[in-house]
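Look for subunit A in each of the two complexes below; its partner is subunit B in the first and subunit C in the second.
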Partner chain A sequence: MTTTGLWREFVPGPSDPWDLAKVAHLHRRAGFFANRSELARDVEAGPAASVARFFEPPVPSDDERRILDSLRKGAVSGSDAERLKAWWLYQIFFGANPLGEKMTLFWHGHFATSNQKVNSLRLMSRQNQLLRRHAVGNVRELVGELVGDPAMLIWLDGASSKREKPNENFARELWELFTLGPGHYTEDDIREAARAFSGWRESYDREDSQTRAFRLDESYVDDGAKTILGRMGNWRADDVVRITFEQPATAEFLCRKLYRYFVSEAAEPDAQLIAPLAKQLRGNDYALRPTLETILRSQHFYSAAVRRQRVSSPVEYSVGLLRALAAPRTDVRLLALALACAQQGQDLFYPPNVKGWDGGRRWLNSATLAARTNWATDVIWGNPELRMPPYDPARWGNVSDTERPIETLIGVLLQDDIEPRALALIEETGAGDKPDDLRRALRLIVRCPEFQLV
Partner chain B sequence: MMILQPPRFIRLWGALIATPVLMSLALAARAEEPAIPRGDLATTSKTIVSGRVLLPDGQRAAAAQVAVAGHRRWHRRRGGRHDSEILGQAVADDTGNFELTTPRTSTAEFYDLFALAALDGYALGMTPLDADSQRSSSIVQLGKEEVLRLRLIDLEGQPAAGVELFVYQIGVVRSDWGGWFQNVTFSQSPERLPFWPRRMKSDDEGRVALGGFSQASGVVVVVDDPRFARERTTLGGNKGEKEQILSLPPSQIIEGTVSYADTGAPAPNTRLTMRDAVGNSDDRGRFRINPSAGAKMTILAFAAEGEPYLTTHTTFEWPKGAAKHTIDVALPRGVLAQGHVVDQDGESITGAAVQYRPLLRNPNNRDSLQLGWQYSAHTDTDGNFALPVLPGEGHLLIQGPHGDFIHQEIGSRVIDVDQPGGERLHPDAVIRLDVPPDKESVRADATLRRGVTVRGRLVGPDDEPVRRATIVSRLQVLGFRFHGHVPTEIFDGNFELHGLDPEQSYPVHFLATDNEWGATATISGRQAGELVTVRLVPCGTASARLLNKNGTPLGGRQQTFELVVTPGVARHDRKAQEKGLLAMDGDFVANLDRQHNWGLKTDDMGYISYPALIPGATYRLTIAIPDVAKEFTAESGKNTELGELTLPVE
Partner chain C sequence: MPTNRRDFLRRGLGSSALIASTASVPLFLSRSAALLASEDTAADRDRVLVVIELNGGNDGLNTVVPYADEDYRRARPTLARSPDRVRKIDERIGLHSALGGFEKLLERGLLSVVQGVGYPNPNRSHFGSMSVWQSGRLNAKQDDIGWLARVSDRSQAAVGADPAALHIRESASLPQALSGGDLAILSLTGPEQFRRRTAAAGTDDDPAQQRRRDQLAPPVGEARGTLVDFVARTTATTDAAHARFSQLLDSSETSRQAGLRGRMSLIAQMIKAGLATRIYYTELAGFDTHASQAGTHPGLLSELGDSVQAFISDLAAAGEAERVRVLVYSEFGRRLTENASGGTDHGTVQPVFLAGGALRHPFIGSPPDLRDLDPDGDPKHSIDFRRIYATLLNDWLDCPSALVLGHNVEPLSLL
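And now, the complex of A and B:
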């Protein structure tokens, strides 16, 4: 792990203690917010244990796996995309691996594949499981498997790529959007790589004859000589992936994107910041964990300068609000949550195009802001149409015996990241400590600009 | 009174052409029931089912409850379900023996028939019966009880407690049908059948335990609870699950009012169906349905029988996240076609199905109307029917209540566009309509012809009766079309063919899948009254190699492979049909013989071999849709080599 230089490890001290603001920041970035008891636990545990918890989640029980499988099968057999979204949100919301889900969401936006074209919930769910399997694993292996992923083959036309007429879509996006970034390859490289990615043919799915499947047919593979990124050989698909990941630009491209996801999207990061991360990623043969640990343990990550420097995505915002408030499981409505995310601009399994969601300030416009407000209103006041009960401070467990409920709410949701005038108004509104007072104060909190940021 | 006569020669193709077999009368008759003629709906009225119920260890099951149930062939009623019918019940005596009487059954009426037996502490036993036998004898073996367990959860993974469900279907695993297939079905728990599981509720953990079955049973349960969408799942079925978990989406309640479009008055007693759920409007036309979950919904509204209003369908997108949605339906007025259906002797026919199809050029037809197979009326006990139709040109297609009536043959294009050609339809009668716009009602009477029944014996190459086999012939009609996937089953070498025209001959195919024996015979309606004998011979095979247009072997490929029952142009060949030609009658071989052909694919080198082909039968391997195919006649004991076939694919 890099422990020196720009990415030196954060060490708490009297002038810069490990406190509620840092713990909440860690949970917003590495997960999907935390409730009061989780925050208190990690303030107590210190940075090392708190970060380690994200990398060593408990293994799901057999029963939990069977429940998930039932939820997935129900969505697939019912051809119900909303239920498939609920299946994923179940894992995000109730699962014990928030970093794994955060990275699954990252890869879904990175390798953006939409069911709009794939038109198979079975294949979309399989791709999602593939992303999850490698979420904090090895990105080179992930890309290697995505080459033959049926949803990706449909999405980027690899399935119809012929030796005689290779389709260039996958090769182009592999470099432009997935690994190298623009400027590191030529059109000739793309043409040559497309030849190496040809050879897929329609096959039959082992579970369902209605689902499209593909197999690599050796007789269809173009195994002739090719020159790819300056290297000549009888390259095939796995060679292209290997050569791609041998390029320093790949690690830099990925680390730059990880930086924006975990640290700050306010400004383009300096090359000096990215270089050590990229070096570490390459040095570990593209295993992600060391690099992610470096980020999440660093002084830089906990500095006030990067806190609340990202606009929360709809999934972060919508899930985060419920998680922070410790909504009881029986009060959560995952279909409503999926709908809220879609209305705010993040329709899971339906990214807008191959570039994924733009993110950042693009998450906020008049329509999506209204949708955020609507979701918050539904959470706070309930919505019978969506079968959502109202927020109940007594039942939802985010009140304290030792401090006033409004102070607890502010601590959990905003910490000290709020302007004094707004804080005063919120405190005044929630001063009565009655449920409706708290609901009104909560409404003010979630409308604060600061709460739109993570 | 039926008089048995010496059998005639049966013409067999393939290896048997040179060796026709004359069977003795003694061999053809069943030793255990020599005096009782087999099924004749016109002359007998009862079937006696007797047998014995055994415990799993072979001991006799005293006091077991027994019932006989089966599915009727032919049309279901408008918006109705195709439930089984309970035909008789009994309790086994101290020695496990039982005997009960049912109304006369026949394969012309039932496409399956079972003896069911139940006893506390054991798994339900189910044995198929020969519907054509007037005196069936069967052994029903109970299984070792294995409690089937289900856990219901909501989409948040929480236990779904207190959820109501019922058993909809109980099936038996048929290994020769690629899984469980045959079943008894009731869309509501039948009060008359005491051992059919009653409605259940999940416990506080969402759990349900269902006794009286084994893992080999296939039990379909349906969730029917206002909090959750209707959902069904199969328990057992040899899936090896200790406890199945079923996730339940929340209900999507559809409410609304049905009215008559011309008057705006509420339409009471309208039957509404959608996504596995059924409801009825009340006397103010109001309805409420909780269907299975989905994003796109279609609701069908069937006016009460006898009312002059047409059936409509309304399709809509479910508002995402909504718990409830309101849809109002207006039923358009039609012209009531009223008629009387009789047989050739003038006897009224009860239960005949009448379907309406307008000509496509009829300007009054519109997309929102639901016509076709879901839209039919049935004759009452006096043989009368009333069915709303459109002004303008169209047809009524009529099918008798069972298969004893002679099917006609007419091209679908005659019905649709008044031109020759098309798919072969096999109604029992057709009435051409041209309804003036100002008419309130029109008269449409029909006469159906009862056919004759031919009985026979099916023996193997060893001249012994064949224990189990199936028959495929163009007499098998469902919804006016030939349907090979519901073949008639033969038990212990006895078969009956119903509804034959006395002046016609029919190619009939026999297949004993277990033995890989088969035969094709031409059976004439003139043979009614005889006991014909058909002798099976070893099946043939066929093999081919499939290549793509570049000459590369096509591995893992399933190609359309059909049995041709009535020759004609390919079913996909619309151009040929538009020239006035009729399409073949046939079905996928995988539907007719799942044991051998289900999921059959080419190997990596593109080779494929089709086993168990019926000698004398014509098969068709499609090379290119619509009209390029290889047709051949299978020969007993021989492999037909089709060679390398180049498909127009890459």
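And now, the complex of A and C:
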């Protein structure tokens, strides 16, 4: 672990202790919020153990796996996209691997494949499992597998690319959006790479005859000489991927995006802040874990300057509110949650375009903010149409012997990040301790601008 | 429509009736509303621009078809439109047969076709080229301020007034054309999004709780540019819009049609109701026809033509068409030569359409020259798209075009 430099490790001290605000920040960024007991546990455990927990999740039980498998199969066989969203949200909400899901969501936004065009929940769910398998794994291997992923082959037209007239779509987006970023390749490079990615033919799916499948046909592969990013050879698809990941620009591009996702989107980070991360990512041959650990353990990550410097995504906001309030499983409605995320602008499995969700300030406009407020209202006061019960301070978790209920609410949702004037109003509102007092106070908490930020 | 009703709606939150009837309008908004009510804001708000983005890259050569051109037919052995499958304009070009709606508008002098539109060194990336078109700058980045956001920033619209611009969306996110400015611009699928859900009576609506919500309303502008300030502004805009829209949409029949037709019909309702919004933006997606284009492109064109034609007829019947112009564009045209998937890849030039009111010329510019190609084998542009923007900015939106485009651009004789 680095002890010097811009990414030196955070070491708690008397003037900068490991406290609730830092633990809650870690859970908002590396996961999807945490409830009172989880936060208390990690305040006690210290930074090293709290971060390590994210990288060493427990293996899911057989029961858990059976539930997930039946959810997925039900959604796929019923062609019900809403249930497939619920299948994923189940893992985000209840799963024991929040960082894994956070990165799965990152890659979904990065590779941005939409069922709008793929039109197969079976293929979308398989791609989602592929993203999950490599979520905190190796990016080069992930991209290598995505080249032949059926959903991707349909999404970027690799499936209909012919040797004689290769389709340029995948080659272009591979570089522009997935790895190098604009400005590091030419139109000629794209045409040459497109040749290397051709050769797929329709085939038969192992599970289902209605599902499109593709196989690489050697006689269709263009293995002629090509010049790609300045290097000549009889390159094939895996060579293009290898050459792409040899470019320093790929590591820089990915680290910039990780910085926005985990640290701050308030300003474009300095090159000198990105360089050490990119160097580490390349040095580990694109294994992600060391770089993510550097970020999540750093002094910079816990500094007040980057706290609440991201606009929460709809999934973070909608899941986070319920998780922080320790809603019991029986009170959570995953289909309503999926719909709420869509109305706020994040429709899982349907990103808006090849670039994925822009995020940042673009999450919020008066339509999406109204949808956020509506979701919070449903959580707090219940919504009979969606069979959502109201927030119930006695029955939901977070009950404490040592704290007033209103203090707990502020502690799990806002910590210190609130103006004194607003804090006084909220405390006054919840002072009566009765369920409706606390619901009214909660209604005020979600109206604070700070609560939209993570 | 009675003038007094339009005036009432124009004043937006300035109406004391509205303030009285909408319990959820925070106090601070009521104060700004009272201020707005004392100002005459109707004067410069008559003209409306509606932009339709054809997302994905529309195949211009199969939209305004050079059906008699040998080079066109040779480059497109399966996709070329034969003379009997176009609506002939003259002996050289015709509209795709699916564009019956546009043909009707042309006959009535309500459509202009600007041919061969593009810009120097065309960018063939969707996002690169969309950024150029949506920012109005050649070396655009994806976070550059949108050209219509710049126009909106210049308008006098404040919190509590009608929004300067509205995005009636198909996809989820605000287009770059409307992004990056000082104003948070609204994006909606329909009126439902603005109907705020409320708690059961007697729980969250008592006067004490309302007063606290008002007091909590964050002070806008104390730390300009920060994320917290941005959220505070958006919260204020959302509160205002909520009040504004529930009033407006409760009083008119709500659009239930799907697709572009439905979005255009919602825009027509807002215009007819006298909303002071001057810019509306919507999109029609699906034009990225890399494969099996013959199966999808005609349906998109007929949706486009029919929707625009219905929109203009609707406004004309209400006597409102004169103050409305529709701009139809895409990020690029497609390659001259079809690919082996029965589709076309990212290309260069395209025809741009203007509809509404009385337009001076049905056709501007000449069809792309298929013998004078760029090094990639695609037609060169003859009209720079920024000339169309300059015309709309100067002559329609009362906004000096150099402020938006960065320098002076020669307008076209369009309006």
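As a working rule, the second predicted complex is superposed on the first by the 450 of 454 C-alpha atoms of A that agree within 3 Å, B and C clash if a C-alpha of one lies under 4 Å from a C-alpha of the other, contacts with A are read in each partner's own complex, and residues count from 1 in each chain.
Just so it is clear, a residue touches a chain if its C-beta (ideal position, glycine included) is under 8 Å from a C-beta of that chain, and two chains touch if they have at least 3 such contacts.
Being a predicted model, the structure only gives us computed values, none of them experimental.
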So, on subunit A, is it clash or fit between subunit B and subunit C?
-> fit
Comparing subunit B and subunit C in the superposed model, the one touching more of subunit A is C
May I ask you to decide whether A:Arg440 touches subunit B, subunit C, both, or neither, giving the answer as first, second, both or neither?
-> second
Put subunit A at the vertex: what angle do the Cα centres of subunit B and subunit C make there, to the nearest 10 degrees?
-> 80
Using the superposition on chain A described above, determine whether A:Asp80 touches subunit B (first), subunit C (second), both, or neither.
-> first
First (subunit B), second (subunit C), both or neither touched by A:Arg362 = second
Where does A:Tyr204 make contact in the superposed view: on subunit B (first), on subunit C (second), on both, or on neither?
-> first
How far apart, in Å, are the nearest Cα atoms of subunit B and subunit C after the overlay?
-> 10
Which subunit A residues come up in both lists, the one for subunit B and the one for subunit C?
-> 162
Sites on subunit C touched by subunit A in the complex | 55, 124-128, 142, 163, 167, 169, 171-174, 179, 184-189, 193-194, 196-200, 203-204, 209, 212-213, 215-216, 218, 226-232, 234-235, 237-238, 241-242, 290-291, 339-341, 343, 345-346, 376
Residues of subunit A defined as touching subunit B within the complex = 66-67, 69-71, 73-74, 78-83, 86, 90, 94, 162, 201, 203-204, 215, 217, 219-220, 329-330, 332-336, 339, 342, 384-387
Residues on subunit A engaged by subunit C in the complex (per definition of touch) | 157, 160-162, 164-165, 167-169, 172, 176, 182, 187, 266, 308-311, 343, 345-347, 352-355, 357-358, 361-362, 364-371, 373-374, 377-378, 380-381, 383, 421-422, 425, 428-429, 436, 439-440, 443-444, 447-450, 452-453
For the complex, which residues does subunit B have touching subunit A?
-> 153, 155-158, 231, 245-247, 249-250, 292-295, 320-324, 552, 555-556, 558, 601, 650
